[in-house]
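Each structure below is given as structure tokens.
In the two complexes that follow, subunit A is the common piece, with subunit B as its partner first and subunit C second.
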Partner chain A sequence: MEKITFASQLMQYLITGLTVGSIYAMVAIGFNIIYNVTEIINFAQGEFVMLGGLIMVFLHVAAGLPLLAAFPLTIILVTLAGMLLDRLAISPIRQPSVLTLIIATIGASIIIKGIAMFIWGKDPFDLPAFSGRNPIHLMGAVIQPQYLWVGGFLIIIVILLTFFFEKTIIGKAMSACAENPDAASLVGINVKHMILLSFSLSAAIGAVAGITITPISLMEYDRGAMLAIKGFGAVVLGGLGSFPGAILGGLILGTIESFGAGLIHSGYKDAFALIVLLAVLFIRPSGLLGSVEVSKFKRF
Partner chain B sequence: MLKIEKLRAYYDTIPALKGVSVEVPEGEIVSIIGANGAGKSTLLKAISGLIKTQQGRIAYKDQDIAGRAANKIVALGISQVPEGRQIFAHLTVQDNINLGAYLYFKRRNRAEIAERMSEVYTLFPILKRRVKQIAGTLSGGEQQMLAIARALMGRPELLLLDEPSMGLAPLIVREIFAVIKKLNESGTTILLVEQNAKTALNVAKHAFVLETGEIVLEGLASDLLDNPKVKEAYLGG
Partner chain C sequence: MLRIGKLPITFFALFIIVFPWIARVIPGIGHYPDLLIFAGIYCLMTMGLSLLLGYTGQISLGQAAFYGIGAYVSAILTTTYGLNPWLCMIIGMIVAAIVAIMVGVPALKLRGHYLAMATLAFGIIVFIIFNEEVEWTGGPDGMSGIPGLSVFGFNFDTTEKYYYLVWFFVYAAFIFTINVIQSRSGRALRAIHASEAASNAMGIDVSRFKIMVFVYSAILASLAGSLYAHRLNFINPTTFDLFFSIKLLIMIALGGMHDIWGAIIGAFLITFLSFEWLHFFGEFEVIVYGVILLLIIIFLPHGLAGIPHIVKGWLRR
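Entry: the complex of A and B
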């Protein structure tokens, strides 16, 4: 009896870890999209998640819009916030160095957080789960239906992004900007538009992460920074710029965190991500799926 | 077709072009020769909008294009094959070619793209056999061909070529210059920048010699080939 409970507990940690990890993976993908086009680490990435959750709560719970209307509307509003971030904080900087731009994103994240506190206050908000809260039992573990939504949306995002980058000319143009902005503008690509697009895409993905995680862990105004750090940990673990790396990194990080919290001490939950981040930087700075050769040329 | 008047450009405070005037008549091949650091690439980058110029005029078909963004200048019909090829090394050959026609994709002109693509592949049959290959794995000569092919996808009326012979074996250089001649015969105006003075002067009608940001000699390419100063400095005596 004792043994079965322990096994089912491990199963529970794994499932919770993969769910949280899916959110980290979404944040990490958002980081990579912007990084690949601009070499900027956008530390406001977590704020998109926070905005996604809180705007969804406002539209769905407070304003009473049905789920199917509130969901796309939230994504659109957060995408607009992403575009504003580019237009107000990134684009106006003259002769930008990558470091200046990164600092600008940190500044922007503080401003977004402040605005959110003004609007929503400091209390956490709940959102009804998409398909109820009747748990599914699997091998002794409890699975909230919302967990499946989180995983499902990660899969949808991955499929859509793969299609976008592999099959569309705009996706290819974005890859071209990432590789060689001068050559890209020589074939007629407007590099500034591509940067704007990268911020929009990242914001939209952040919104999805926020909307899907809020029914599980609630959402409040200051959650963004920690999510950004976790997402960044996932990016570094997977290899900066690598999309498969972001997904793998996110899932591993979520799982480590969940097992660590369950088996060692839940108070150290947030420390595990940072320990992993530091360990990767010490042992293999290029990440799991990053190329060592390429990492030599990276400025960060 | 292209008239550059007293163009000045700086890198920070260091002057790279000190009042350069160059004219490229329609339908011609014009060469600019000069040593490393003479300002040849800077001149081409100024034309294609990659760097800002401080003074002077760049008139293309009688409109001043100085200061316009690079992606706007391509749309006018000026394509540049940049120094060192600058292909998108992580993308496939086909993706590189497609991106060359980016403006046509934006205008949804599929027929035009297909026509252009078959022309480019007729010009460089080797690329057709490599369509699925990652561009960075091509040989130097093939990469140069790809860079030219990508520029041609934009259907340029004026093609700017920056050192197409750089780092290539003589046989491949000959092949590439044969293509350049063929392009010119089919109506493309070409401005060629080269260190390889002999090849550049042989293919051009008019030529300019650029030294530390200034034009020091200009005239018919055939005259420059016989000019003792050019012979000594650029043709190895």
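Entry: the complex of A and C
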């Protein structure tokens, strides 16, 4: 047994913080994908994460599917939920305004939460870690193998998204919608399809976040709202709409939360991220990497 | 939308006054006055939120926090310090107003999503404080032994007496709110909703008006919280969670957020839904609320109070 020193404790907080922060970063990326195409903040973003975790538990633990089959199947199912969200809650709105869209996504989020409670009940569920739970020791800190999976998937998502937006024609079309929806539709891009695609992509990323975090922190039906608001904290900290900002914001937010809970008061763990969110909103709403000029041109 | 007829207001007042007698006569609704106490408490909050959201166009997802501040200030000062409940009620409103100014001054500079998220975060932080400051608030177990209300030896100890007390406050707030809506200030608020830039150009002090409405809604919510605490004699944090803020939003969306009557209709309907009609669903009532919210936003953006306008439109055709 190694001696627990203050330095090793700090190291531990940093590692845990970066892991949780990677999850916030994934939620934040999900927010940004939808926001960039539609200028909607999807208050149901956290529910995708919750669904990802719980559906994975069902397929992998209850139905006994192997990890490699359950993982993609979960992502497909959550993606379908994202498409349904767009088709049933967002696109039927005839006169969209910030207010109606906020209310619609809140309505959708409590429906998803209620259905999850109906299916899974209120108990938290565990998922076996992808590659066991034998911790790795590094400078006195304990690293669960699952932590590496979380970080790894964040990197994979970033690489795939970069490729998608830079190299594929659909990705470029989506970026065009983000720049100027009217001009995009003039050059023959179907904006409605792009909106649907943005909800699907964002749901898929939420599902990955849920699947990878469940072995670490379990998952229950009502986790969505808190994940959504912390993910939004990461979005704002990094600058709304900025992908590098989302990653940076998520990692910083997770680290602050982890250190705050460890050094100041563990009961206020959830409050730290929210206080950071308020501080950023009050002092510099454009975030670290966002641009004040760009935000002035946004409709909402 | 600015003119509010005097006749419906009078009828409504008469209805509220005679209702306990009606409830006593008709079988099966004997407990309705008890429900109307809660409807009244919710009305206090929805009226403030209607003025803030419907008339001024500023969203708040943190109203439960002010409700909780009123309830906890009343509970702590009466049980731990033995102060007079009426004094505590006033102190609660002052505390809520101060908090509303502290949060509102920076928050109301924000717009749209940012304002929604900022008020949401504020509400959750206050909820966490209620849970964590165990020495003061009793933590998740809550506080009990909160005294009832009385005035010069007259106790508001029965349902009917408390009913009239609550509705006295609601009616006073209702009349005051209507007067605000129909005054110069009310027109200024509508102007802010339409365009902040144009209002500024017309010489309306936009930020001052927004903060005043926010503070007013906080004071009403705090009063509602105190009335709630003295009625139940027991409070715990779950009453003041995020879902309650969302429920208030559902109330005014359902009733119609651009009409003060919408606030009242919504508060009544949701009270009856949650205490009376949705028992069958148990905890799954959230699904029903979500569906109501979506249907209203998609098919009736002006809520139930907007139906007369739609019908008028059909008749004219």
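Quick note on the criterion: the second predicted complex is superposed on the first by the 291 of 300 C-alpha atoms of A that agree within 3 Å, B and C clash if a C-alpha of one lies under 4 Å from a C-alpha of the other, contacts with A are read in each partner's own complex, and residues count from 1 in each chain.
To be clear about the criterion, a residue touches a chain if its C-beta (ideal position, glycine included) is under 8 Å from a C-beta of that chain, and two chains touch if they have at least 3 such contacts.
None of these values were measured; they are calculated from a predicted model.
In the superposition on chain A, A:Ile189 makes contact with subunit B only, while subunit C stays out of contact range.
With both structures placed on the common chain, the touch criterion links A:His60 to neither subunit B nor subunit C.
Legend: residue contacts after superposition of the two complexes on their common chain; A:Arg223 is shown touching neither subunit B nor subunit C. With both structures placed on the common chain, the touch criterion links A:Ala176 to subunit B but leaves subunit C unconnected. Taking subunit B and subunit C in turn and counting the residues of subunit A each one touches, the greater count comes from C. Within the superposed three-chain model, A:Ile111 lies in touch with subunit C and out of touch with subunit B [touch as defined at top].
On the side of subunit A, the complex with subunit B involves touching residues 169, 172-173, 175-176, 179-180, 182-191. Contact residues on subunit B toward subunit A in their complex (touch as defined above): 48-50, 69-71, 74-75, 79-80, 82, 86-91, 95, 98-100, 102-103, 105-106, 150-151, 153-154. Contacts from subunit C toward subunit A in the complex involve residues 53, 57, 59, 106-107, 110-114, 116-118, 120-122, 124-125, 128-129, 131-132, 242-243, 246, 249, 253, 283-284, 286-287, 289-294, 297-298, 301. Considering their complex, residues 41, 88-89, 92-95, 98-100, 102-104, 106-111, 113-115, 117-118, 225-226, 229, 232-233, 236, 265, 267-268, 270-271, 274-275, 277-278, 281-282, 285, 300 of subunit A touch subunit C.
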